[in-house]
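Both of the next two complexes hold chain A, though its partner changes from chain B to chain C.
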Partner chain A sequence: MSTMLVVRDLSVTFGSGRHRVDAVRGISLTLRAGRCLAVVGESGSGKSVTARALLGLAGDHATVRAGALELDGTDLTRLGPRQWRRVRGRLIGLVPQAAMVALDPLRTVGREVAEPLRLHRAVPPADIGERVVELLTDTGVPEPRIRVRQRPGQLSGGQRQRVLIASAIACRPPLVIADEPTTALDVTVQAQILTLLDDLRRAGTAVLLISHDLAVVAQLADEIAVMRDGRIVEHGPAARVLTAPEHDYTRRLLDAVPGRGGPPAPPPSAPVVLRADGLVKTYPRPGRAAPLRAVDGVSLRLHAGETLGVVGESGSGKSTLARLVSAMVAPDAGSVELDGGPWHDLSERERRGRRTEIQTIYQDPLSSFDPRHTVEVILRHALQAGGERRRTVTDLLDLVGLEHGLARRRPALLSGGQQQRVAIARALAVRPRVIVCDEPVSALDVSVAAQVLRLLVGLQREHGLAYLFISHHLGVVREVSHRVLVLKDGRVVESGVTGEVLDAPSHPYTRSLLKAVPAMPPREAMR
Partner chain B sequence: MAVADLPPADLAVLSGRRRARGVGPVLAAVFLVLLAVAAIAPGLLAPGSPDTTSTADLLRPPGAGHLFGTDQNGRDVYTRIVHGTRDSLLAGLAATALALAAGIVVGAVGALGGRIADNLTMRLVEVLLAVPGLVTALLIVAVAGPGTTTLIMAIGFIGMPAYARLVRGQILQLRGSAFVEAAVAQGLRPARVAVRHIIPNAVPPVLLLATIGTGAAIGASAALSFLGLGPRPPDPQWGAMLQQGQDYFAVAWWTATIPGVVLTLTVLAITTLGQHLQRRFDGGNPG
Partner chain C sequence: MRLVWSRCGHALLVLWGALTLTFLALHLTRGSVVDAIVGNNTQVTPAVRAQIVQDYGLGRPLWQQYLSYLGRLLHGDLGTSYQLQTPVRAAIAEQLPPTLQLMGLATLLAVTTTLVVAVATARRPAWLRAPFALLEVAGVAVPQFWLAILLLTVFSFGLHWFPAFADGPAGLVLPAVALAVPMAGILTQLLRDGLERALEQPFATTARARGQRERGVLVRHALRHALPPALTIFGLLLGSMIGGAVVVEQVFSRPGIGSLLLTAVTGKDIPVVLGVVAVTATGYVAINLIVDLLYPLLDPRLKD
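This part shows the complex of A and B:
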């Protein structure tokens, strides 16, 4: 097999002088046709900058140096902007992250996929239409002849990611760079996308996969390079790196992959703090379509000190359920009781005094903070709202393991993990009985997610908190939940003790969800 | 390379570049301070009377004796511009304040007053936006009669719809935001949520529009004065000066051009400073 990509001593720096940042510090990689190399690392490790440098897109403020940068024997370091444009899309295809925003909402899917074909004159203009349909068929987009005339807004997240892949491989590039291609996708969709990339690799394409998630990488990679602070700390065959890691950092990343441990032991019996019966919420749909039953007859019990996991794909009604129990929307039918008292049928005025008993932690903590406020102001307001006299902002920061100095900053200047800790501190400030965790770690790196989960579990033990823990990530749910509830199309299809449901699922939907979870090979020696 | 390793020349270039970015707002601020002085105490900048005529100095070009030249009556253009600042700016500022106040009320009523109130206010706003503003203003002045007060009322009225729309959109967007939900979840009363989160976040974009709007309102008041619907001659007002100057444009370009340039610079300075302040205000949120 021919060598497709050679990178030797690649370094990328931004700025100069005091503001100089070394994003990539001399990394070397080789990738052969028909193979997949995974570059793994956390945010800020330099993996995405590496990917962009390989596309000649490191940016105006970046200085890129390389001992060698060769694609299929061509020296890329000497290319001018015009020549780079001929390489991108034709010789290197990019599958970007964030399928939701990477497509132009005003252009049809057909035009999006046809663009590289037209630009690089890969096929005669008359054949472009046929080729687009062929590409969409190959990437598994259902009903391609209808889809070509649709716009991204009419497609699901998984379909959009397929369209992006179709566009990336339109000119049959020998190298495809996939930058976090499955982040923010449901497990089942993620499994399909990984299979698709695997098919490409089998067909002879060289695949460079960038990801923070070792479990995703384990499915696809022949080789793994682990990056940290702009350097490759470990590089080797995937099987070896995953089962017998040599570097401490790799070991830590592997340990952070959720779902490796068993579910927590059930807590001693405690009173029910949240009780929902037969909840129904419908939303009108345009035209004469029947209204959407987002939540359709859901009942649940949550005890003090317990975590109830709610699992399901996007559109299963998880978030609507969260808003129903926190009384942000009113149910069409059914009832919610909080702490043994009425909740959903209170007037807003009556409810206001009890709102502090149930708090929510969101997937995107940043949007849940007033952009004008510093951490200190946010927490002080929360303490005031809870009528707190004893505890201070510093106490709250200690509680969630944040440095005191961060109090003066605005949340926008904090890392994702720090932001989520501030959100947890704010929720705890009002001493709630129940916390609704709506995908609290889905936007975080694996190792940061593991820390936040540990914090949540610790706080639960200490304060007897009850969590309604919503996630599409089965590994995360397994690690924190005492009981789980599997949601599909707004209905509960299965529920029970975590171990029983996730180890011996009885419903086919639960089984399909579990099958889609990327499996990690067992480690040889646990240190 | 650390900072210490850089030759001094490089450092100078770097810091110089950083300073260059701030020159626009500074110049704008200096110009606006001058205008403020001219508006409050014109005598400081131009000791003479703006209405002194001199038959010996008809239509003199700009030069040593008369910085901006003289007009058809031999009056000093510079003195007239300085003394006309107050009237020229005041009309625009007052009209903007009026438009802003009315816009905030109408927009808030639309966003918070229920579906009927929303429909009524927004249809009114759309009708006003559909007709060119100056036409509406002309209509109002035609009915109420010319003069400074009607001028302000008319320009304020035509400025209102833009603010109302923005305020309504801001409030609706903020009401649906996660941080407002988080505040509600803490049991805060609606008034508290409005004061703490909605109003402070809704105001900055409205104020930015208002600074740009001030420039536009000054322009509009000059335009109406140009049409003879503002203050009565011989009061020096930039719009009126423009209008009188145009008759002599072929022989004395300065009589119309210089008030026009000053007017343009004023609008430009206000807009530049407004945008600068807006960026400063948003400084906490990169991107």
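This part shows the complex of A and C:
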């Protein structure tokens, strides 16, 4: 197979002088046709900057230097702006991250997919419409002839990612760069997208896959390059890197991948702190007679010191369930009891005094903080709300393992992991019995996510907290949950002890969810 | 379609409110209504005053007066100016065309300048952007009468490019420029801001990665995202342009609604003032109705 991409000694810096940031510090890669090279790293490792530099889109403030940058024998370092434009979309296709916002929301899907075809005159103008439908069919977009006239907002996340792939491969580029192509997608959709990329590779396209998720990479990559602080710390065949990593950092990344250990041991029996029976919540659907049954007859028991995992795809009713048990919305039918007392049918005034008993932490903690408040103010307000006299802000910071110095900062200046720790500290400030964790680690890097999960488990043991743990990530759920509830279309299709449900699922839906999870070799097999 | 009807209903409601306010302004002022209508004209005979009481039905209860006021408006009867000795409607109809020409040309200039300058300077290097940004701020900050005098001094008296006071098309240029500058200044800043924000969005990166030129990303993707907020402000500015017309028409000694209004206000010719208010309110409501109806064309998501 011919060598498609040669990168030698690529470095990218932003700014200059004291503000200079070395994002990429001399990396070298080669990629052959029909192969997939994965560049793996955490936020700030320089992997996405590398991808953009290969497209000549590193930005106005970036300085890109390279010993060699060759695409199929063409020297990319010598290209002027006009020649670069002839490379982008025609010789290199980009599948961008954030499928939800990477398509122009005001243009139709058809025009978005047609854009590279028009720009590079890949097919005669009269045939563009047909070719777009063909591309959407090939990438598995259902009802392509209807979709071309729709706008991205009318498509699901998985469909949008397919549209992005269709537009990336429209001119049949020999190299496709996929930058976190499955972030924010459900496991089943993720599996379908990975299959699609795999088909491309088999058809002879060279695929450069950029990801922070080793489990995703394991599905597709022939070779893996692990990046950290702008350097490649380990590079080799995928099977070798995943099973016998040589570098410490790779080993740490692998260890952090959740869900490869067994589920936690069952907690000692304890009283029920949260009890829901036959919860129903419907929302009217504009233009349709039947309302959406977001949650449809869900019952659950949560004991003190226990974690109940709730899994399901987008739209399965997970988040509505969270809002029901924390009494943010009222159920249409059914009841919620908190700590053996009434909860859902209290008046808001009566409920306010007991709000401290159930707290929520969210996927995006930053938007749950007042951006003008410092960490200290945020936590002090929480302590005052809980009527706390003994504990101080520093006690809370110690509890979640944050340095005292961070108290004076505003949350926007903290890292994602630190922000989530502040959110946990704020929840703990009022001494709750139950914490609803709504995708608490889904936006975090694997190693950071692992630390936050360890923190949650430790706090549970220490304080007897009960967690309602909502996640679309089955590995994470397996790692922390004692029992699991599988939701589909607002109904519980399966529930039970974690090990039983996830290792021997009885419902076909649970099985399909599990089958879609990217498989990693179990931890023991690695040493 | 439902959106269109509800918007139209909303516009009518606003118009009704504005017209009711002008009625109240006349009838709730201190002193006799007849005095207000007559204004500074001291040569009004008692017979004429009796005629006014008769015409306006001033002897009748207020609500009857109000209904007949609305009825007269519906027929386009705006009352009579006892100072000009003509129906208000005729006075306005005579002065409207020059003002509409002036505002029309000014709007055209402002919109063209905005589109060209914003697209040409969005996300460009500072040396290209900074001079325009300075001019925009200056254009908004400088008092309009001063700008008008400056234009007259430089381009008419100094360079003799345009006549100072003339009725023809050449005489329209300088006043239109004076009227257009503040509008263009505000709109350009707004549009460029929107364009630059849209150019930072992930979909712009996707378009670049397809091989789209920066200009193409700007025109084919970013512009549609940046237009709605500019359009909103455009509607508001267009409504307030009548205030600018008062000043500009005065400086360039042009006939028009602005001059008519100024004379009426200084001469306390209340029927004319109220007539102009009714006409401009109608224009204002109509313009903003059109703007509202344009949104869904720019952003089809609003239809859903």
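Going forward, the second predicted complex is superposed on the first by the 519 of 527 C-alpha atoms of A that agree within 3 Å, B and C clash if a C-alpha of one lies under 4 Å from a C-alpha of the other, contacts with A are read in each partner's own complex, and residues count from 1 in each chain.
Keep this in mind: contacts are C-beta pairs under 8 Å (C-beta built on N, C-alpha and C of every residue); 3 or more make two chains touch, one makes a residue touch a chain.
These numbers were taken from a predicted model, which means no experiment stands behind them.
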item: Chain A as common anchor, with chain B and chain C clashing or fitting; value: clash
item: Touching partner for A:389 - first (chain B), second (chain C), both, neither; value: neither
item: A:353 touches, of chain B and chain C: first, second, both or neither?; value: first
item: Partner chain in contact with A:55 - chain B first, chain C second, else both or neither; value: second
item: Touched partner set for A:78, first chain B, second chain C, both or neither; value: neither
item: Partner chain(s) touched by A:103 [first = chain B, second = chain C, both, neither]; value: second
item: Partner chain in contact with A:288 - chain B first, chain C second, else both or neither; value: neither
item: Where chain A meets both chain C and chain B, residue numbers; value: none
item: Partner chain B, residues of chain A touching it in the complex; value: 16-18, 20, 326, 328, 352-356, 358-360, 362, 364, 367-372, 381-382, 385-386, 410, 412-413, 426, 430
item: Touching residues on chain C, where the partner in the complex is chain A; value: 201-203, 205-213, 216, 221, 224-225, 298-301, 304
item: Residues on chain A engaged by chain C in the complex (per definition of touch); value: 55, 57, 85-90, 92-94, 96-98, 101-107, 115-116, 119-120, 151, 153, 164, 167-168
item: List of chain B residues in touch with chain A within their complex; value: 1-3, 6, 11, 14, 177-179, 181-189, 196-197, 200-201, 284-286
